[in-house]
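One structure follows; several queries about it will come next.
Note that the chains are named A, B, C, D and E in the order they appear, and that numbering of residues resets to 1 at the start of each chain.
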Amino acid sequence: EPVKVGFAAEPYPPFTSPDASGNWEGWEVDFQKAICAEAKLDCVITPVAWDGIIPALTSKKIDMIIGSMSITEERLKTIDFSDKYYNTPTGVIGPKSETFEATPEGLKGKTIGVQVSTIHQVYAAKYFGENGATVKEYQTQDEANNDLAAGRLDAVQADSIALGAFLQSDQGKECCDLKGMVKDDPTILGAGVGIGIRKGEDELKGKLNAAIKAIRANGTYDTFSKKYFDFNIYGE
Amino acid sequence: MTKPAQAIAVTNLHKRFGPLEVLKGVSLTANEGDVIAIIGGSGSGKSTFLRCINMLELPTSGSVTIHGETIAMKKDGHGGLMPSDRKQVQRLRTQLGMVFQSFNLWQHMTILQNVTEVPIHVLGKSKDEAIATGEALLRRVGLFEKRDAYPAFLSGGQQQRAAIARALAIQPLVMLFDEPTSALDPQLVGEVLTVIGDLAREKRTMILVTHEMKFARNVANHIVFLAEGVIDEQGSPDEIFGNPRSERLKKFISSIH
Amino acid sequence: MAITPEDLPTRDSFFKPHRIVLLLILAALVFCIVWFMRWDWLPKYLPRLGYGILITLAMLFSTSILGFLLAVPLGLVQVTGPWPLKTLAKTFCTIVRGTPLLLQLWLLYYGLGSLFPQFPAIRQSFLWPYLRESWPYGVAALTISFAAYEGEVMRGAFAGVPAGELEAARAYGMSRWTVFRRIWLPRAIHRALPTLNGETVLQLKATPLVATITVIDVYSVISKVRQDTYITYEPLLLLALIYMCLTGILVIAFRYLENRIPTRGA
Amino acid sequence: MADPASFINWGLLALEPPGWGGVLLRGLVNSIEIAIGGYTFGLLLGIGGACGKLYGGPITRDLMECYTTIVRAVPELVLILLLYYAGTDALNYVLALAGIGQVDISGLVAGIFVIGVVQGAYTTEVLRGAIKAVPAGQIEAARAYGMSPFKVMTRVTLPAMLPYAIPGLSNLWLIATKDTALLAVVGFSELTLVTRQAAGATKAYLLFFCAAGMLYLMLTLVSDFFIKIIERRARRGFVEQS
Amino acid sequence: MTKPAQAIAVTNLHKRFGPLEVLKGVSLTANEGDVIAIIGGSGSGKSTFLRCINMLELPTSGSVTIHGETIAMKKDGHGGLMPSDRKQVQRLRTQLGMVFQSFNLWQHMTILQNVTEVPIHVLGKSKDEAIATGEALLRRVGLFEKRDAYPAFLSGGQQQRAAIARALAIQPLVMLFDEPTSALDPQLVGEVLTVIGDLAREKRTMILVTHEMKFARNVANHIVFLAEGVIDEQGSPDEIFGNPRSERLKKFISSIH
């Protein structure tokens, strides 16, 4: 019985991204291969547009989602998650011409962009929004980045990997730099990213959790992570 | 000679449009070969009567019998009637050739296509046969040259002649004419009259609504005078025009210029 | 059959037996949905939803009215204008109808919009506070798109008015403007109303695209609920209900306009 | 976006991988296929719907009104999620109860079905308006000569209303080609999805969106060419306005 | 009494539709108070001639003068003419009341709105005044009860009367009638005749196309017989009907039933 693994059809480099011949590559693809090998699952990749990915899971068109899904209380009421498999620190970037800190005081009076329905939105609303900053919600991270480059935003908060990728692009190199990491709040930022599965599939969940532990222990996880990142993506 | 068979019988026909009762119980019988002219003032319900015969307008009550076959009707739930067997109505309609007051030619077809449409697509004639008959008919009404023109580019009279040809093409047993000569010049009126005379000799029954009293007198063997939704008077042309009895008819006739 | 004003549904005739059955089925359905599904998230998002509906309505009305005002000349010029204007209008309609709305929005907002800040003159002008906002770009893109689709519809409607009626108007010495205002336009609009109705509903459903430029309409509020909670069907059903109510209002309004002039159909 | 030249890397559009040109073209072909399927299905539904609305009894009319109002009102995304996921779920549940095995409805079939249902609702309204614009006498004449309702429809009403319907119908066709984006939700590679994939993977958003825009525009121009021919044929016999 | 002023003068009017030359040089002068009837076979160009007078159809060559004012024309570049001053045409048109063969009532307005439209929106009359005049006119043609109905719901004759009322409402100096009685019953024909007679006494010039020879003979003081695009013969009614000279006219007249 093959297990169908759902990816978001929209690319999210460097985690999942198709090339022109339709091959998927990226960190999460390597992670998925390692997990399936470890847990002895016969995995088939099934890309589904993000809008349909949860119904695809609940109506059994796919069996698990590897799509950088953050674990939150709210979401746990609807679907189940494996243990976290990565968690990245959160940073703030801004235009090169200005200097400020990634703190509530530093961002006071500024307009800060975040992607809607992410842990970053919740964090920004709580720590910056309630302290005099305007929080603007974007459908995708790229749109927020674009608006920062266009001068309509003063800052963007996101996970450091997405920000790093942007700062290395031509557009990002020219306009912006990192202002710093935000102060951690484990209740919001701490749970990390897990594999989404249907509720009640405890056997699969157990296998996945065991596999994550195993590849962390036997070094596979670090081996393929090094291809993409020069820091510890698992977080602590 | 035997008594001619009954072609159309209309019994006690009523028709109302909302609050306006246009026909208040009209009965009429036409035998085979009869030519009946319906005359009357504008708005007296002549067109409506004709349209009720082939169920384009559904009567409020009353019955219509065509060649011995009564159109089966049922209540429509709003105080009116509707045909209970659509197939029957369609079949009987092919025996009623209607020429409309406003021609109603199909604008998306050429004149010849207008004329051959029903023979080919309703009566199941072959295309060649229908075209041959159609062209002959168009020649008869003097429209052969215009056979490939579209109706919108014809003069009023030309359109009316095309409409007559279209009705003739289905070779109906009964022809219903709604003012067939209103847009024709005297020369053409004469031609149409000849055509109608021919049809009468072919034992085709005809009911015509007309404002041309001379025409009615010459061609019809029975005249019906409609006024305010009832048959005010009827009879032979000589009776009606020579010896009108009702006041209204007298007034109507005297006004003929 | 003739449809006269008396035939139009009145309050008494609305509740016919079969309609009551339909309503009962609907009620049962609503009951099942409310009873068996998860609605615990609703109170938390209610204020946002209300705000989103307002934005959606504002977007819909402003863009369809502006778009229609643009569509009338676009349609007219294509039927009767001199050839340069005709070609221009035709090209405009073709290009706008031929490319996805999302692309147009994108080009306006991220393309054009990001050029403005580079000109100090614009930065200084009174327009700048608006140009910095995102909704003007949404309004502009939606208006342009509506105008292009509607221009096409109005072209057909203008061409469909019987030539004789326009001739009659001209024969009595009406100026071209009067013919247009009194005869041509009202006849064309009346004829186009059913299509216009459809296009307005389409416009309603095109408004969510403005979410990509941070204008928060009701659709993006629902998207947020789905992302926050990963509940699929309940928020979508609520969204469907909201859109159905809005569409219902539009349909009734258009039907009213249509029936102001009775038509004889067969 | 300062210097456009620095953003444009034409190599990305090459037909062979790693260029994305071939993928875009395949996406376009897929889109057209779905659009044709959905549009045709919608046209059939629309003809039925318009007839039902104009000539049907009160119950048919009310049901049609519900159909057009609901389907036009509900966003397509909601419809496809409900029909494809919830619908097949329910279907399989019922089949399981009846003891029959699972069926797997392909995303493609479901997509064409949903687009058809949506298009059908709009087509109904366009056709209803156009049919109402046909002079009543034309239809009366057809009925008077004994044509069956079907004949009246195919021989007179439909051809006579075409000039009034073509602008609306051509709008719907263009909408159909773009509505195929819905099928991304069920994982089908049509033009919009592959554009987003190419743009997301390469970050060359402007380039790919414009490329897709050009493809759509070409499709429109080709469509317009054929629509013009059809319209000219349909308008024969109609006096042109001046 | 002085010689009456010239109301309309048409000089050497030509009109071709593509390959078909419908009018081949027609000249006609109407003085104030004249009632001119144009007769002729179907398709002989009568309607086209009338429509050229108020520039609904642009002539290929020739000129039209209304009350001494010649409509300024210029070449249109396709071998035809076009008016060089649109304002002038509009102004002169308000002096020409046209009644169309196919009525052309505005379908989106009630009968009363049809009648008051031009007085209010072209002639700048007050609404009350226009409505008062309009209702009086509708009463005169027997349509007062139908004033709030839409044209599609009227009988053919009712539509024709509404069209006459609409043209009368603008109180034109010259009335152009294209078969004003084709759909009327004899009673109404009489009424329209009276109306036209009244208008003639008011020194209003009239040009009418008609197939009713009796009507033409009674009401007109000058008859024009059009055939194959030229004026075949013209003269007083007695000359034309009593003593036709051309062969074609003789044949035409003899065919009057």
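Please note the rule applied: contacts are C-beta pairs under 8 Å (C-beta built on N, C-alpha and C of every residue); 3 or more make two chains touch, one makes a residue touch a chain.
The shown structure was predicted, so the numbers you read here are calculated from the model rather than taken from an experiment.
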Via touching chains, subunit B connects to subunit D in a minimum step count of 1
If you tally C-beta contacts per chain pair, the winner is C-D
Distance between the CA centroids of subunit D and subunit E (whole Å) is 51
Between the Cα centroids of subunit A and subunit E the separation in whole angstrom comes to 82
Between subunit C and subunit D, the Cα-mean centres are separated in Å by 18
Each of the following residues of subunit D touches two or more other chains, namely 1, 77, 81, 85-86, 136-138, 140, 143, 205, 239
Subunit E touches at least 2 other chains through residues 102, 152-153
Going by residue number, subunit A touches two or more other chains at 55, 58, 146, 149-150
Touching subunit A in the complex, subunit D uses residues 1-2, 6-7, 17-20, 22-23, 77, 80-81, 84-86, 88-89, 184-187, 193, 196-198, 200-201, 203, 205
Note: in the complex, subunit D contacts subunit C through residues 1, 54, 58-59, 62, 66, 69-70, 72-78, 81-82, 85-86, 122, 125-126, 128-129, 131-134, 136-140, 143, 163-164, 166-168, 170-171, 174-175, 178, 181, 192, 205-206, 209-210, 212-213, 216-217, 219-221, 224, 239-242
In the complex, subunit C touches subunit E at residues 2, 4, 162, 164-165, 167-176, 178, 182-183, 186-187, 190, 261-264
Touching subunit D in the complex, subunit C uses residues 16, 18-19, 22, 79-80, 94-95, 97-100, 102-103, 106-107, 110-111, 114-115, 149, 152-153, 155-161, 163, 166, 191-195, 197-199, 201-202, 205, 208, 219, 232-233, 236-237, 239-240, 243-244, 246-248, 251, 263-266
Per the touch rule above, subunit E residues touching subunit B in the complex are 39-43, 47, 101-102, 142, 153, 155-158, 161, 179, 182-190, 193, 211, 213-215, 218, 251-252, 255-257
